[in-house]
Structure formats: C-alpha cells, structure tokens
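Letters are used for the chains, namely A, B, C and D, taken in the order the chains are written, and counting of residues starts over at 1 for each.
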Amino acid sequence: MSDPGQNYAAFNSSALLDFVGDVTDESLKATRIKQFLSVLAGRFFNWAGRKSLFTLHLGIKCCAIEMAASAIPRFDAERFGVIFRSSPRQSDVLLVNGPISKKFADPVVRLWEQMPEPKYCIAMGECAISGGPYFQSYNILEGVDTVIPVDVYIPGCPPRPEALIDGFGLLREKIIRIGGAPGGARGKPVIVGED
Amino acid sequence: MAQMWITMGPQHPMTHGLWTLRVKVDGETVVDAEAELGYIHRGVEKIAEARDFTQVTPYCDRLCYVSAMTWSSSYIYAAEDLLEVEVPERAEYIRCIAAECQRIASHLMWLGAYGPDVGNLTIMTWALREREMFLDLLQELGGSRMHYNYPRVGGVTRDIPPGWSDRLIAKTKLFEKRIDEYEMLLDESTIFLVRLQGVGYATAEDMVEAGVSGPNVRASGVNYDVRWTHPYSVYDELDWEPAVEKPTSVKGSDCYDRYRVRMEEMRMSCRIILDAIEKIPGGRNTTYANGDEMILAKAPTRAPEGATGFSNYECTRGASQFYIQGGGDGRGKNPYRLSIRSPMFITIPFVAETMIGYKVADIPAIMGSFDPCIGETDR
Amino acid sequence: MHISREQNEAATAEAVAAADAAWGALGVTASSVAHSSGHGYAFLRLTVPPAHVVTVAKGLKHDMGVNYCSMITGTHFPDGGAERGWEVVYHLMRQPVHNPEPNTAHVLVASELKGMDLPLEIEVVVPLPAGDEPTVPSVQSVWKGADWNEKETWDLVGIRFDGHENMHRVLNPHDSPEGFHPLQKQHQIRYHDFNEMYDDAQGFVRKPVDEGRVK
Amino acid sequence: MSGSTGLPTINSLVKEDLAGLIVDLLAGTPLEGQAEAIAAFTGALLTSIVGFLAIMLSMFMILWIERKQLGRMMDRRGAMTSLRSLWVGENGTTAGEWWTMVPLIGRPIGALNRWLNSAFGNHDPSRPTVDRVGNRSWMGFAIFPGFFQNIADGMKFLIKEHMVPERADKFVFEVAPYLVISSTVLILGLIPMGSGVYGPNPELSVLFAMAVFGIAPIGVFFGGWASNNKYTLIGGIRSAVQLTSYEIPLLLTVLSVCILSGSFNFVEVITFQGQSGAWNLFLLPLGGALFLISMLAEVERIPFDMPEAEAELVEGWWTEYGGMRFGLLFAAEYMRTYAACILFAHFFLGGWHAPFHGLWGDLPIVGLASPSILWVLLKAWLVFAVVFVWARVALLRIRTDQILEFGWRMLLPLAVLNLVLAVVFRLFLFDASGVVEEGLGSAWSLGIFAWALPLLVTGASLGIFAFLLRDENKEATPERMFHIRTLEPAGTHIPGTE
C-alpha cells in the first residue's frame, strides 16, 4: 500500500491478476499461440496507431496557417486520420510549426512531456528545423531538436499543405518500422522530400 | 466562490498564436486580465541591421504570416522614403491590387479562425476554402503560397502574368456572392447574434487613445483610414470609401460591429480590385518583362547618412508603420535601425482590459473579434 | 474623398507655426518635412531636448489635438558623440476621431476638415547624451498608447523612462539578465556560441534523455 | 410486427423454440423443476445480448455518419481510412515480410498479403503525395470509406500510456470515467431494440432509464473536480449546472409522452403508438422539439457544448484525461447521443413500427421483410444525421447564462404547456375503443376519420412554426433585438466592485 493511488480496492486484486496472467502466459507460450497472437495483434495495433494520428492544436507561427489550411476542403488531412485536439493528453503528434524562442522552450518541453506514449514529433518548417531565417537571432533556438527528439522533418518556409500531408505519410511509414516504441529505438529521423 | 487566476496559453485554442492571457475570474465573470507576450520574439529589428534593404523584405513578409503582402509593402514604402525612389504608376496599381487580395485573404483567415471561437466549424472550412482562391492569385504573382517577397524597392518583382486579370475578375465576382453565403450562415443565426451583440464594447476615442487602429476603430463608426488620410498608393484615384459600421450603443462597438466591418471591408476590397484592374496603366492584358521600367524603377542601394524613412500603411489589422534610419554597417547598405510599429502589439493589452466584466465564454469572442496576429506582435 | 496635398501642407505649416510660438523658447525646433515616397505628404518634425518632453507632449495633446501615440523608437549611437549617444523618436498622429451618436456613423469628409481636425503626422526627435543610462521622461500619463511602446523600447533598447509605472519586460523573457537590451549596438546579433546559448541563465540545458539521440 | 405470419422471428426463436428446447433437454435431470425459469433466463439473456450487440456494433455507424455528414456539409471529403493498409502497408512502404513471424499459417497469410498488395496496393509509388492529396490512391475498392477510422481511434487509445496528473485526486480521477461509462451502458441495456428484443422489462422502465441518464453528470463533475485543473473545474461546474437545469423540461416532456400513452413502460408506449393509429410526434410536435433540444443539452453537443467549449476551456472537463480513459469517455458521449436518438425514436417515432404499418404491416411477406431492429436503428440514425449533426454544422455555441436563461424561461413553460396538451388529449379526445391490435387504429379520430387529431395538430404546429420563422427586418429596428434579457446586461456587472 505504498502508493494509495494504485490500490484503492479493499482486496489485493493485482496479485490475483498476476497469477491469472502468469498461468495464461505459460499456457499460451507452450502452445505457440502467444507468438501467433502477438504478431497479428501487433499488426493490428500498429495499423490503429498509424491511422489515427491526433495532432496537438499548437500554432506557433507561419506554418500554423498552413496547418489550418491542411484541414480545409482542398487538402483535408482528416481523410488520413489527422485530427487536431487541443489537449496534449489526447494527442499523439506534436507538430512544431515555428521557431522556438527561449521563452517558449520550457513550455514546449512541458507539452511534449504531457503527451502520453507512444508519441511522435514533427518539425514543420525551417524555423522548427534549424531556426530558419532567424538562425542568427538572439532569442531563437537552433531548431526544436535541441530540446525534443524529432521523428519527421518537413522543410519549407512554410511547407505547403501537401508537404505536411506527405510528412504524416512518412510518419506512418516510420511507424510501420518502429511501432509504438517508447523512448529509445526510434530510429533516424525522416526528412520529407529526401531521395 | 473564491476568485482565481486562469492562465490561458501559450498553447490554447483561443490565442490564435502563441501568447498568454491571464484572467482573474469570479465564478464565470472576468474581473481582471493581463496579456503576456514574447513567445515568438525573433529579434527581426536586430537581424535587419545585418541585412541590406532588399534582404529585409522576406523578414517583413514573415512578420505577419496572414498578410505578408501588406507588411512587405509597408516596409517597401519606408525604404523608398529613405532611398528617395520614384515608383512607376503601374507598379503602384499592382501593389494596390495585391494588397487588397491579401486583405481579403487575411480577413477570411480571421473569419475562419473566429468560427471555432464561437463554436462553429463550418464557417472555418468555408472561409478557408475561398481563401485558397486568393492565395492562388497571389501565388501566381509571387510564386509562393504565403510569403511572396513580391514588392521591391522601386516597384514590383514581376508583372502580372498573362490571363491573370481575367481570373482575378472572375474570382472576385464569385467571392462577392460567397460573402452573402457566409452572412446567411452567420447573420441569420440568432445564436450568433446573441453571442456577439452586446459583448466587448469599446468606444472609438478609447481605442484611439490606447493606440488601436484599423478596422477595430472603424467598427465604432469612425471612417479613419490611412488610405485616405495619407494616401500612399493609388487609393486617391480609385472609387472606394472606408467601410464603417454604425455602433448601436453609446458604449461603442461590440463584437458584432467588428464582425460586420470586416465583412464590409471584404466587399470594399472587391470593389477596389475591380476598379483598379480596369484603370491599370499599360492595360490589364499586357505583361511586361521583369525589370521593365513600367514596373520597376532603378533604386540606389545605399542610404544617405542620417536620412530617415517612415511609412504609415493601412494593414489588415490596423496601421503598420516602419521607421528606418539609414547608414548602418556596410556604409549605408543596411538599415542602421529598423523600427516596426505593430498594430496588434498595442491592441492586445487593450483587449485584455476590454474583457473585464464579461463572462469566461466571451473571452474568445472578444479576443477573436479584434483579430490578433502574434507574428507581428512579437516581431 | 482623400485629404488633398494642399490641406496637408496647410495643416503642417499651421502646426509648425504653433509649435514655434509655444516652445520656441525652450529650445524646440519645428520643421515641415515631406516624405519622398507615396504622395510626398508633409509631416511635422520636432526636435525636443529631453527635459521638455512632457511639456511638449502635454501641449501636443491638449492644444494641438494629437491623440494617438503610435510608435516610440530608441536608437543607440555608440559613435554619435556626446550630444547624441542615444535618440528617442516618437511618432504621433492627430486623428480626428470622435464618438458618434448611437446608430450613426461619424463619417469624416476630407473637404470639410480644417484646422485642428486635419490628420497630421508628427515626429518628435529627442537626442539623449551618451552614457550608460539614457533617461527620458515618460509620457505614459499623457497617452495611454505610449504605455506598451515605452515598455518595448526599454526592453529592447534600454532607454529608461522616468515615471513609467509597472515597467517590465514584454518581448524578452522575464529572466533575461539585468541590463540585457539586445538592440544596443555593443551586442552582436548572436553573441553566444552554441553551447553558451543552452547553458546560460535563461537558456535551457539540453535534456539528458535526449543526449545522443538528436542531431 | 406480430409473429403470426408463420416464419420465425428473433422473438419467437428465443422465447418459444429455445425455451421448448431447454425444457426438453432438462427433462429428467435434477433441474427439471426449474426448467421453466432457466429457459426464461436464457431467453432474456440472449435477447439482451442481441439488442446490446445491435447497439454496440451500430455505434460505429453513428460515428461514421457524423464524420461523413460533417464532411459533406463542410465541403470536405472526411475520413477515408480503410482496413486495406493493415495488410498492404502505407503507399510507398509495404508492410514487409512480417508473416514469417507467424507460426503454422505464415505462408498462406503471406500469399494472401502478396495478392492483396498486387490487387489493391501501391501502384505508383513514385507519386504518393500527389495521389494522396488528390485522393487518387484508391485503387480497387473501399467498403465504407472512413468507417474503420473509429476502430483505429479506439484501438490506438488502448495502447496509449495512462497518465494521472501528479496533483490530481487519484481515486476520484480514476473512478469518474467509470461512473459515466457504466451508467451510459446501463441505459442501453434498458432500451428495447425491437419487438420482443429486450432483456429486462420493468414496469417503470421509462422512469428507470431517465433516472440512469441523470447519473452521468455526477461523474462529469467528479472528473472535472478531481483533475485539479481550472479548465476542468469550470467545465465540470458548467456541466452540472446545465444538465440539472435541462433535466426538468426533459422529464416533463417524457411525462407528457407517458400520459399520452398511458404507461411508464417503453414497450407499452411503443405498442400504444402502433395500435392507436398515430405516432406521438404528430400529436405532440412541441414535445418532440422540446425533447430534442433538451437532449442536445443533456448530451452536451453544439449548441449546448459549454462543458467542453473548445475555444475557452481547451477540451473542457476531460482535458486531463488521455489514453483509454479518454477513449471510453468519448465513446460514452456518443453512446449517450445514440441513446437519446433511440429514445426519440421510441417516444415519438413509433419505435420499431414501420411507417403506416397499420395499413400494410399485416401483409404477410412485407411485414416480415422489415425487421423491427432495423426500423429502430434507421430512425435513430435519421434523427442523429438530421438533427444532431445538422445542428452541429449550422449552429454556434451558446453562452452559459444564455443556456440557463433559455432553459428556465422558455423550455420550462413550454414543457408545462406541452404537459397540459397531453393531459387534454388523453382525457378528452382519446377514444379507447380505437386502439386495435391489428390494422389501422383510430384512437385519435375525433369521430371524423382515423388521423383527424394528428393532422390537425401537425398542421397547426407547422403554421405556428412558419409564422415564427418569417424573416424579421433587422434594418427596420435599429435597437438590437437580440440582447440577452438578463437583469444586468453583459459587461455591466463586476463582482466585488459594488
């Protein structure tokens, strides 16, 4: 009972669950069904994870307008499961669409940490990649990857909505490879437009 | 219930950008509010001191990402004042048309962002759908969707492409009908009127005293517009008048007035475009080569020591002003000091005061009605 | 519809005469200068010694109807000599704006405007002596719009405004080092090297968890 | 639908054939004495499962309708996710030879995957973006494009990390979603899904269902308070205020329906509509409108979505919920919406009765060709698409004080009026002899013809509606007509300053 948040039931249900889980685990392992199931279920969850990319509704600068434009009739990113949510708790993708100033570096890291795993970060536009036109500025970080690990880079100033949709496509391809791997084992970042 | 401070932002759907509004609420009523800026301060004024006059233009495009054309034009007028350049008439006409296209696109972006603020997503998709039409037109001029880098010191980069004027006229006339469609969706809805009317009062004199300008002041029944008090382009030759809304209360304009004035301003921009494209010198169906003297005048690259340039320009959100002191590094090739006056930088603290006394649910309605843009605010 | 050039010149000339009469004895010089872009409209340029800024501001506000403070620019001249080490330029506007009656619009017609109702641009130049602490009296109490303009000028340039209430940083982070005003000329555009930037007081140290995974 | 046509229905299958089978099987065993009870229990269990499955499986239909309808009205295409990429991969990148990891049947799956890939897969990988943006990547066919988006969303929430804010009240934070979800599912258990397709059928089932409907606001308030976040706190309080104030007109409207039908039981209300000759909507159009409006508020959808007002309260009271907790809350909201639609179908649209079934329902083949579950679902979907989604597209969000004002000053008097109408109809205009088991009932005939009263009421209501709908000339009256009629207009009152 060290953590009151975990055990609020009067009886210790976790021990029972552990026991049942162990028995089931052994039996599944013995019949090789476990491997069978994990491959199939893994595929299924992978599909679900990559088809449903909820994006944090975070508008920093110019690219935020293109992010909005990608949701309108002409481009309509919702076709590909890209839906914008306002709360970081319900988002999968942090779309950094602008320069990170010193004042915003702390909040953006906090937003990233508020998002539940598995989560992905897309750096959209030159400012988020390297500081862009403001690389010399006294108040701008040299890219968001100095504070957050980035999965996909979308160059452009700003990138067109097509490029953004392509970036989400590349992120999905990457999710096929890495799955929902939390933390490490994320692999190299992908760059849109790179041959 | 005790009073409490709520921090809205920097990541918040209401903010239309990256800033923080701290409101003190008593239940649902706002008692105190203050704005916190600087989340995307990029130091453009400092960077510009290491760029020559042509290189500054892209930074001015990126000052306000919703109305790039007007901001770079504003800078160009200041640079021309500094460098003493005479601009060809045709270039002025093209700049005027491009700026009005940009004004429509910017107001459409505002309308699209205002819809979710008051709870309607449909108007967002509709407004941004029509915005694409004007972005396409501007893209043909400048080559990019958002940051055109189109005006040059002494004129414009390229002439209008062949067939562009026909497309412009067709799209403008189509768009005039689409404005009626928006009004059918919004003005006919009692909920829209109930949400906006009687909310967010501000009088004209208060706004001018606090430094607010542009459509927000014109919504309170005053037709003060830089385009006719200090005509800068060809606005003195065109048939137009500033859009004004009559406020119904002695307390000044409310959110609905500010909504109406922007809708009327889009109509007025259509009128300016249709008038200007017919009056353009050299004909609307001719295309001059790049650098032709009809569209681009020779401009010096070095500013005289001690000279200053100033421009006062009616941007989409108010008067944007540039003040340049010449003679910096590179013996006059760079601005020594570039100072930018952003209309929203002064408006946002004023809006924060305006909210006091209204409900929490009115915050996005009031804030959105002033059309904040944080790119120009933080510079 | 638009303000004609004659009206503009008449208004500027009248303002120059009024300014000369009112503050000529205080060392204020007034002149009418024309822009070279646009339609070449003229504006009023005043050069004011720092001691008389508030006097001139109050006169402009109450006697000449200047109701709009649009921009305050501070400039650092490290080699400008002892008299002009710093300079503060106020851009003010006269806007003929009055509250209309309810349900009517106060539509201004250019041909009917005259005298103090004509729109006018005013540039007030205040040269400050060289030194570490350039100080100018605050006009916050005269124009409400000067409030955030002065905050910004102090934040970016480091000009002190005497009598300004509630001065704080608006664009730079609140925890910027004391005395860091980026638009002063002794600062390079980016004077940090790369590592310094992330280790300085207000910067952010690279997170250990990201070590080796980024860049 | 009567089961007298000779062909088996779900009802007759379960209640008669299965019961007989169980009784036969148990004959001679020690359980023979309880065989009847066991048969009844098994029948009830099976029908409950059928009804429940019908609702749960068609839940995705509701979400799909919303996505597609919303997309069409906003001039977008809407979600397009299909199951295809589960096997084929994303365009440009195939899913790889993952099947080699599957023991035993890996090779057949591999062959199937290769065939799928060549038949529907990545035809032109050189231009993936152009195809995606132009929506031309749909080689082959897609079933219900976008239908599987919601499955993907739900599955994804399953694998998301579960986060509890550090300063939250952890126990209440964890319990609140279950309060919302379990009460929502409980409503669905009580609602009959077809003629004879219902498990429990208590005498006062309407009352019980409405009582259960009122549990969720407590969970909402708990969740909003326990998250230790100011947005969720305000959202929770708003939700509590709004839901409690709209319960009253809602219950009064339901009461009027029950008075009209003479019963507090779902099945009897529906049967009465089928036998008396007219659906309640045509007798109480005002009641139908009131029910829909207060239900919109109860399920917190636009224009009454103040508790989740995106613009000012980020995501409202569920801002801090992520992962599967959020997924379940999201599903619970749509379940409540769905339950509201089905309730409307039951109370006002004749439940599982086909339109004009009194005229043609007895024809043997036709009567059977329209299964009762399908009619309920169709009506519910129609109500959802026409009322709930359309309102979301066309309307805006109302402010909290305006919501309350609307509820107390307009809906409540109208609900009382509606109740009076129902009492008058039932007491003075009802002809008990017109209730017939088969054929066209004539309970509301007024002695003239079968549909006299419904036609009269509907015509009068449409006339009043058209009168109220006429365009006012807003230019003619310069003073604003649309100020909220509170004692202190907005912006004039600041607490703590008097």
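By our rule, a residue touches a chain if its C-beta (ideal position, glycine included) is under 8 Å from a C-beta of that chain, and two chains touch if they have at least 3 such contacts.
On a predicted model such as this, the values are computed, not experimentally measured, just so you know.
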item: Of all other chains, the one whose Cα centre sits farthest from chain C; value: D
item: Which of B-D and B-C has more C-beta pairs touching across its chains; value: B-C
item: Length of the line joining the C-alpha centres of chain C and chain D, rounded to whole Å; value: 60
item: Centre-of-Cα separation between chain D and chain B, whole angstrom; value: 45
item: Distance between the centres, which are taken as Cα means, of chain C and chain B, whole angstrom; value: 21
item: Whole-Å gap separating chain A and chain B, where each centre is the average of the chain's CA atoms; value: 34
item: Of all residues in chain B, the ones touching two or more other chains; value: 12-13, 38, 41, 43, 46-47, 50, 125, 129, 248
item: For chain C, residues that touch 2 or more chains besides their own; value: 103, 172-173, 182, 187, 189
item: Shared-contact residues (touching 2 or more other chains) in chain D; value: 74-76, 310, 314, 478
item: Complex interface listing, chain B residues touching chain D; value: 3-4, 6, 8, 12-14, 25-29, 31, 116-122, 125-126, 129, 185, 189-195, 197-201, 248, 251, 356-364
item: Touch list for chain B against partner chain A, complex; value: 10-13, 16-18, 38-44, 46-47, 50, 58-59, 62, 65-66, 109, 112-113, 124-125, 128-129, 131-132, 145-147, 374-375
item: For the chain B and chain C complex, residues of the former touching the latter; value: 37-38, 41, 43, 45-47, 49-50, 77-78, 80-81, 84-85, 87, 203-205, 208-211, 213, 217, 220-224, 227-233, 235-236, 240-241, 244-250, 252, 309-312, 319, 321, 323, 325, 336-337, 339, 341, 345-346, 349, 378-379
item: Touching residues on chain A, where the partner in the complex is chain D; value: 4-5, 8, 32, 35-36, 39-40, 43-45, 47-52, 72-73, 75-76, 78-81, 85-87, 89-90, 92, 114-118, 161-163, 165-166, 169, 172-173, 176-177, 180, 182
item: In the complex with chain A, residue positions of chain D that touch it; value: 67, 71, 74-81, 83, 85-87, 89-93, 95-96, 98-99, 101-104, 128-130, 132-133, 135, 146, 148-149, 151-156, 158-164, 170-171, 174, 310, 314-315, 318-323, 326
